[in-house]
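Down below is the structure, laid out as structure tokens.
Order as written gives the chain letters A, B and C; numbering starts at 1 within each chain.
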């Protein structure tokens, strides 16, 4: 009798939209030979910087991420009995849930801190003491704070592994690991030992190295794989873009980095991968940069070029690209969960439960 | 030596108060023949409206709820390995914990969002993008927001089932399902195919259909079972009570609805069930309505009449009714957990683990 | 190629600092004969006061805590299928995570409330009704509130066991249990039936009994073991320090308590244990007291004396004591998790899963 009400609102009929870029984690998996030895440096480590591990360690990490992504329901209990403290003293949904989802999918338990006001820090507890307490309560800590120095203050007394989930303007290392993981899934051939120079890719980054932690961490992790990049173009709004002197250091590691103030339209036809971000976290708020840059269906992309974005996005990235093959930013967000699963497994020394050969 | 201190403060000696209405979920269980086929329409669905499913589907849902309630410890793992995002952008304890308890009792894991300020939405992320991300992190989403349109914005990109836990003034579908489940537990005979007209019940609703989502959803779900109700009396404060034109639509589905501005004392002796609510959620705040109505021990209830209330309550419902047989509102809150367990089980396609015949 | 970046920042190289006082929970374990009968009074109880149980019950509780602490990974599932509501209406990290960690380590699930603003209480729900709802959602409640009367209001309708995690200025019973547990781990001989008077210890407490819940609860639990204490010195800032008349009551139970306004330097060489706290929770804020007292490396401690502090600390306790044998405050915080594990196990009637003889 209620047939009328059974027909759902058409705006709510969900097609299952294809997320580009999820097709082939197995190709990356096959491109890397499993070698658990290289994951040893991750055990019980703090994760503060995107470039703190060597190439072999990162590759094995990517391999494990691809293994998880290829068969997301195969491993559901490696972290059973392990407890994560997920402490976000700066607002976040995406990154917090990404980490927590990763931990839950592996069977672990979680205690969340979602704002500073609800914590003992409000009554003057020192961060070092809070860190000391965390040792008693959990097996791992994921930490985000607006102050870069908070992480090192807390880590000083930490005996359990602690990951930065974004520290002020400094670093967002797991985001960068997920970024590179996405690029390697898209083109596993970049890992070939005999990669011809002509097959190196050209990466365009729209963002401000001096102010955006995502951009800083991406550039740093690229410097661990300099042979994969023919050139990296960085587009920003000019003066003060690299106050920290990061770019000279990275050039010395073998990256060919060119900075631009404008001129994106002339360069975009050469770019294999375009990474764009407009938000910089500064102090307790954020700034928007790069108002002159925008990606949409009229952008003169190279054939087969893909777009990455750490999200959340604003006007700089048109939603009209969402349903095109350029869209690897949703895949990037999806892959980040598996990358974090791989990293967390190694940090808490449970890799033995998921590797084929131990 | 401390005998004095061993005698507890008398105010804290807890009797185990009888909660009326919990006695017979089994009677409802026996009144409905199990038929898993009818639960198929629930698989992977969004739940936005109390009347979006047909009678047979709702009955099987109520049966499963009664099965859970009859033996609350029998099924503890059907949702093992499944992750719920519990996103409450509007303040709530009761509804959030009711959903989360339902999910936990079935063995699933949960990630909670308890306020908008701690989320990426604060930095301008679009709801559609947040919804897209949720696809990567979880298997199901429970969502409450003050804006009715938030749900459809987020659901547009959602590939995992999403339930409304209350949307502005529009709907609160699971509350209505729990309301009707309570009424059917109280009087399973209402489901008899040969129900004599004289045994139909008369329902009184104190509330404002145009402004209260609980009242709107209750009326809508009643319209799926029009044969059970002789008449529905709606009591409110007059003008503007049904701006949305809901009542004419429901009358066309077979409900005999009479509106009143006052005059409750004259009608209450005819009412089998009295449902009362005084709070309307409007925008970011709430309004109180129906100041002329109040239920207490002096109300001239019909013999055997029961009282329902979605809670939280104010002065409109006297606590002096709590320890009387009128009080089915505590049973209603208790049953809501089991109703939600049943619904969630079906949405994430785990009903095969709890049905006797699959 | 990135060898430079592989060398971690020296400030982040974590030694595994020795936490004093963790060495010998087994000694305490051996000092108490297991007898599950004495844990019966804990079943399904509300925990409001540090002195609500007798000596034998507390000893068995300490024994179970020592059992957990001696082998932290042995028992991971006693609370499987049980749900905790962790409701902190007053800011807290340490105590909340301590309780939640205890529950998770035993395999249970948790629903957290971390601030009053996100709850139904904001819309005027009565605490008694909230308590009634909690019965439906969980198996146990941990509750902190700035108002002392909140706990008894909510407990009135609670059929599931409820623990105070700190109530205004009144009590913090599990903190006191953890304090005494620490003292007994440090010196299990205090439990000897034939303890010579000369081996009783002298305890110094820097704090305000009339305003500090931690101090009040510690004094109350000491009164259950008066034979262990030769004398208790209480140091505060003078008038109004014991408005509540607690000290005369405790003296009548056999404690020899001496109050001081200043003069700490003269007494400290006699003290075996120095307990210090500077924060009093009053209303919605806190006060600092005892500015004249400070413990540091120049304090003239007795040989072998230890320091306890409920944390969070301020200037009253120098971090220069952290890496000395005086520091039992970190052990105290660590032990609190195991003490809470023991207490929670008994409250929800799962002690049968962890006792050797049942």
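Note that in this section contacts are C-beta pairs under 8 Å (C-beta built on N, C-alpha and C of every residue); 3 or more make two chains touch, one makes a residue touch a chain.
Predicted model, so just to flag it, every value in this text is computed and none were measured.
**Q** State the superposition rotation angle between the two copies subunit B and subunit C, fitting on C-alpha atoms only and giving a multiple of 5 degrees from 0 to 180.
**A** Superposing the C-alpha atoms of subunit B on subunit C needs a rotation of 120 degrees.
**Q** Copies subunit A, subunit C: same or different interface, half of numbers shared as the threshold?
**A** Different residues, largely: of all residue numbers at this interface, under half are found in both copies.
**Q** Please tell me the distance, in whole Å, between the geometric centres of subunit A and subunit C computed from their C-alpha atoms.
**A** 40
**Q** Could you pull out the residues of subunit C that touch at least 2 other chains?
**A** 112, 114
**Q** Looking at the complex, which residues from subunit A come into contact with subunit B?
**A** 1-3, 5-6, 8-9, 11-12, 14, 16-17, 73, 76, 88, 91-94, 96-98, 100-101, 104-105, 110, 112, 114-115, 279, 286, 311-314, 319, 330, 333-334, 337
**Q** Mind listing the subunit A positions that touch subunit C in their complex?
**A** 41, 46, 48-49, 51-55, 81, 83, 85, 109, 111-114, 117-126, 128-130, 132-138, 152, 155-159, 223-224, 226, 253-254
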